[in-house]
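Each of the next two complexes has chain A plus one other chain: chain B in the first, chain C in the second.
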Partner chain A sequence: MSDPVLPLGGAHYEGLADVRETGPQGMIALRGDLSDAGLQEAVTGLTGVPMPDMRGAQVMGESGLLWMSPDELLVLVPYRQAARARAQLAEALQGQHALVENVSDMRAMFRLRGTQVRDVLAKLAPVDFARDALPVGELRRTRFAQVAAGVWLSDDTTAQVFCFRSVAEYMFNLLRTAADPDAFVGFHTG
Partner chain B sequence: MEMLTLECPYCGVQADETELHAGGEAHLTRFGPGSSDADFEAYLFMRENPKGVHFERWRHVNGCGKWFHAARCTMTLEVFGTYPAQTAEPPKKIRDAITAKRPGWTWRELS
Partner chain C sequence: MSTRLATGGRLVDRSSDIRFTFNGKSFRGHEGDTLASALLANDQMLVGRSFKYHRPRGVVASGAEEPNALVNLGRDTTHEPNQRATTTELFNGLQATSQNHWPSLDYDIGALNWLFGRFLTAGFYYKTFIHPRPFWKHIYEPFIRQSAGLGRAPDPETRDPDTYEHFYAFVDVVVIGGGVAGLQAAKAAADSGAKVLVMEQTAHWGGRAPVDGGTIDGMAPGGWVNKTVEALEGMENVALRTRSMGAGVYDHGYVLGYERLTDHAPFLKGPRHRLWRIRARQIVTATGAIERPLSFAGNDIPGVMLASAVRDYLVNYGVIAGQRTVVVTNNDDAYRTAIALKQAGLQVPAVIDARQMGGGALMEEAKSLGIRVETGRAIAKVKGGKRVTGVAICAMAGGGAMLEEIKCDAVAMSGGWSPVVHLWSHCGGKLTWDEDHAFFRPDPERAPTSHDGLPFVTVTGSANGEMDLKSVLEDADKAGKSSRKAAGGKPRRFAPPKGESVEEVPLRPVWLMPENAWDDLRMKAWLDYQNDVKVSDVQLAAREGYESVEHTKRYTTLGMATDQGKLSNINGLATLAASLGEEIPQVGTTTFRPPYTPISMGAIAGEARGEIFQPIRKTPIHAWHEKHGAAWEPVGHWRRPYCYPQQGESKHDAVHREVLATRNSLGLLDASTLGKIIVKGPDAGRFLDMLYTNMMSTLKPGRCRYGLMCTENGFLTDDGVVARIDEDTFLCHTTTGGADRIHAHMEEWLQTEWWDWKVYTANATEQFAQIAVVGPNARKLLEKLGGMDVGKDMLPFMAWADGTLAGFPVRVYRISFSGELSYEIAVPANLGRAFWDKIVEAGQEWNITPYGTEALHVMRAEKGFIMIGDETDGTVIPQDLGLHWAISKKKEDYLGKRAQTRSHMADPNRWQLVGLETVDGSVLPDGAYAVAAGKNANGQRNTQGRVTSTYHSPTLGKGIAMGLVHHGPDRMGEIIPFIKDDGETVVEAKIVSPVFFDPEGEKQNV
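Now for the complex of A and B:
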């Protein structure tokens, strides 16, 4: 197996938040009937996390389940296991109207850390990033400036952002600009 | 600047106008092969352009990706409600919500 190459080689910027390109992350797009018991058993068994509710982000380490839409999950697995996990899920869902695809290499991921994380994110998306509007563990699909993005907070000072690989550099530059130390806001603190 | 916010009935997100794609007038009846020229022309080109109550299709494009319906006022941007795409007409709950705020409203053959 060839070595995976991160879109930006693990880019890093330290400002209002610590912005770091992460990955490679195994990602499997799954479309199907999310209420089906067999499907739920397959994805929770594979990842070891509970089935997410609407907009839920159930993530533990490199494994997890992101609720993308009423009929779509993004299944997170360690990168090296993605091909096998895809085959396993396809097997488990045989006979169902479902789609399973390994999209690991289609994506870029970034981790933002620090007390200013909600302020940094709020500069880029038309989203209410207040604690009660976007609690920890809730996925928000949106746009960051001009590109589609997904974001969730894994704890109060850590955000995970993902987007298409083709716009990785654009996304990193956005995050870096929003995290410029001269652009302190201080709205979401406390 | 006034912005429009619609709650997506599929994922529950309060979606900003810029996360949505406008899909034009709602509840059109499609006239295709075999229809009269007049019906086909009306289906393709004739649209309501109300000052007030209106029914539209929207897609949550920067989000869950689903198409849905919205009932709103084109003059004030007040939103009466959103509802799933799988219906040929606005549900009673939506029509009642409009009547409560705009008594006597009409739109095409609806009232």
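Now for the complex of A and C:
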């Protein structure tokens, strides 16, 4: 089968930050009792990452667990394994009340890289992006200008942003505008 | 004449040469100049005309409070009116023009208004133009509109070439104002690690202190400022921004900051303005004070300036307003101006001091420099037209009998200072009247409070009414430390810096000069320069019964100009108080509202312009529609094809073609925008039974059912097809616009009312592309694609199945919104485009025709299917639409059931859905009303129905419509009159069944 089609075909822009459309990323929406040991075992076993704390983003390569709400995880798996992973999870959670849905095509993902990443993000989202307020590995569900989005920093100079597929182009243009090399702010320094 | 001195000017770089134009005339200035200082340096005293009388106007102030020197800046696409020359930094190539004059600044015909000034008093317009009534709308207003307005609006066809952005900042303490008070407060707060942001509206730190003198810790203020800024710059927890104004303070520590990045250097790339959206635990406003003018006759003649401004221009820019400057004052501070001028080698013929006993140490210093000081004296009037030529001196007590005339070409006036309390007041900070200083100062007992009832704004320095360097710095230190504490930290115990300045003796409040000025003098004593409000106008308003300061403001327009009365408010309300025989605090102030000075519309819009003005949602197939010439229709934030006009084809013709092609052979629709919400759990059936009016829990896996959703008030809110996936999983289709709303609706009920029900939902709308294949040849096409059995037995009407088609993983729903044999096929979004292309290719032999939303609407109307938003408008219940069959009688409850039993809902007089056919075959106007005999209580014609949907049906070759009609279903065959937009023309229509086409459903059921 041919490669999955990305919403923007892997768009790229280099400015205050290096902005790149990433993916495809396998994603499984999981709603259930996150405190349940069986559920925890199933998702950690599947992804190989530890269970995230509240608002946590535990990600290793293409696998990971994003804490979306008190009863929702977004399970990240390699794109090609998503259907199988969904079935495995559903199987493992049989008998308990849970919703497991393959949503790998529902979103667009972007990676922002560079020392100015926090300033670029702070132009679009009403979020405190200071190191102590949004540390590496903490997910924030918020809005970027006029659309819903999620963001976490995977290291000190790299941000991962996701939004719904239909607004991928809007999001990329937003990020590109905010990363205009002539629009330096210098608020989140060092 | 005004000019630049050979030396001096701490802010200008004399080695630089900057060229600019004013009204087309070329001038030169220096780097560091403001437009105002550069104009004065070139002896351009006259900078504009006033609003009402078109009086000549000169620069009066040196900062944000300037009411006169407002200019048009730039040209064509960068043209911007009402720009303040005093806060506009000079740059090479700057182009400015003056405002409110015709034909030229020097010779202005509007100035004739002044000849009639005696009649153009407060309330003139109200009194004159009220009769006869109809004249206002048709004659007076259009005429007055023409002559009203300061500046020229940009050409509506031009587009701003600049970019703008927002920035969200979160800090412990934001300090507004970078004078010595702001800097010290920032330092005191930041010393123990608080995250501090300091915003200064000008390009320079230190505020007035470097001009006004004194010492701080033994240093000149300028030296201390440099040292402190350097220290703050070295702290990681401090951010310093110049050219950034604190524009407004809002609830819960929200502050808007307005940063002007390239106004001073338009050749720089990048955003022009940045709007800072700041959330701070604590706010310190260190916004300084503004000097007040004195109200004497002729105080508006160019060359009459604030004493502090005269000093600013001299010290900061080496520019003087005149060679011979008379200083007039009621306080000690203005002596600083006299002393500075004298020390610069200029003539100060006299200081006119309204106080009988004169001033203190500063007066003595002036005297020792040989300056003549006249105490207990006043200016009776200023002589001159377009510039000052002299002043008539009189006794302060009395009506204005001239004692002496003094020749001069500039007047420096000071009526005392008013703290800038705007930001303190924006969010509810209260003021108290300070008798000794004759000003309103913030009342620390009544600060703006936050969610916890505790103050979140601290005001400090001159803004807090502290007028000498020593107390300013002590107050600022205290403010910094207390805000640090209030923000949850522990301040360090450093001692505040020690300020020293000359001691001053109290001022004498002067609201009119001389005390009992004669009528003709009061008529020329300006309060509001921009709007031409004089002492006599406010007194007249008081005589006419305007007691409230807010009413007087609106009646006289005092303080309503673009400067929002920064100079005029206190003088105006003191004048009002005197006229009413009340105390000033009893009269009070008008309301201070953000922004402090106007901010650009661009900054407010931020990044939202051009392609990112609004998000446009695009389906995976969007690019194909674009390429094939779709005419778009916005649906929510989506763009959906309305139709696909071919070369030379009108939209109407395209819709016609699309409908017929679909009905006769094969059509194709991108239905990806429809909402797809997954509802799962042991209680999912029970939950959907509550949400929909009909029974969903009895639906068998593999089958679909159409359902209606109502609000708890009984009104129809959404509809769609529900598919049961397995025992405890449903997929609910919603309308395009309803996806997010209905998902939120579901979550709200689950989270607030039925929190113990075991149901989860997920909005999977965007996971799938969904394509409707519609028409008599639909099955043949799917069979050609191959991979699964789509036959009548395996996949009957209202069933669904998973499988593959042409190798694509699909879920096929056999549902129909057109009355045709129809399949809606969902594929993962990333395959949407490829699958669409495959269908288009395979469908060629049946002339497959993509159709848009209009063809969809026409076909559903032919079948009498309702459309949310057409047949419903928030006041319609399912029973109105004849949808009783979709309302379960067996269910104990569902959302809306109780409401639908209420008397008005069950009333047989509610209008009911019917089909409508015009007698002449024409198309009824959308929304048209059917009239009935007689008139209602408002004298309007009675009505008996209205059109909800109306189309030309290509299938039937005539106009068809649906509408709600009084007792409609009982009146089949009756002809009723509808009225066209003109309110007269009657269109007759017959009441028929709403199902116009294939009433037996034979076509969809094959």
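In the analysis below, the second predicted complex is superposed on the first by the 188 of 190 C-alpha atoms of A that agree within 3 Å, B and C clash if a C-alpha of one lies under 4 Å from a C-alpha of the other, contacts with A are read in each partner's own complex, and residues count from 1 in each chain.
Here, a residue touches a chain if its C-beta (ideal position, glycine included) is under 8 Å from a C-beta of that chain, and two chains touch if they have at least 3 such contacts.
A quick note: this is a predicted structure, and the numbers were derived from the prediction, not measured.
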First (chain B), second (chain C), both or neither touched by A:D182: second
Chain B versus chain C as contact partner of A:R111, first or second or both or neither: neither
Which of chain B and chain C A:P126 touches, first, second, both or neither: both
Of chain B and chain C, the chain that contacts the larger number of chain A residues: C
Touching partner for A:R80 - first (chain B), second (chain C), both, neither: neither
Partner chain(s) touched by A:P70 [first = chain B, second = chain C, both, neither]: first
First (chain B), second (chain C), both or neither touched by A:R20: neither
Common ground on chain A, meaning residues reached by chain C in one complex and by chain B in the other: 126-128
Of all residues in chain C, those that touch chain A in their complex: 163, 165-170, 195, 236, 239, 268-271, 274, 277, 279, 606-608, 611-612, 614-620, 637-638, 678, 680-682, 758, 760-762, 764-768, 828-831, 833-834
Of chain B, residues touching chain A in the complex: 3, 10-14, 16, 18-19, 62-66
In the complex with chain B, residue positions of chain A that touch it: 54-55, 68-70, 72, 126-128, 140-143, 148
Residue ranges of chain A in contact with chain C within the complex: 2, 4-7, 24, 29, 31-32, 71, 97-99, 101-107, 119, 122-128, 130, 133, 145-147, 164-170, 173-174, 177-178, 180, 182-185, 187, 189-190
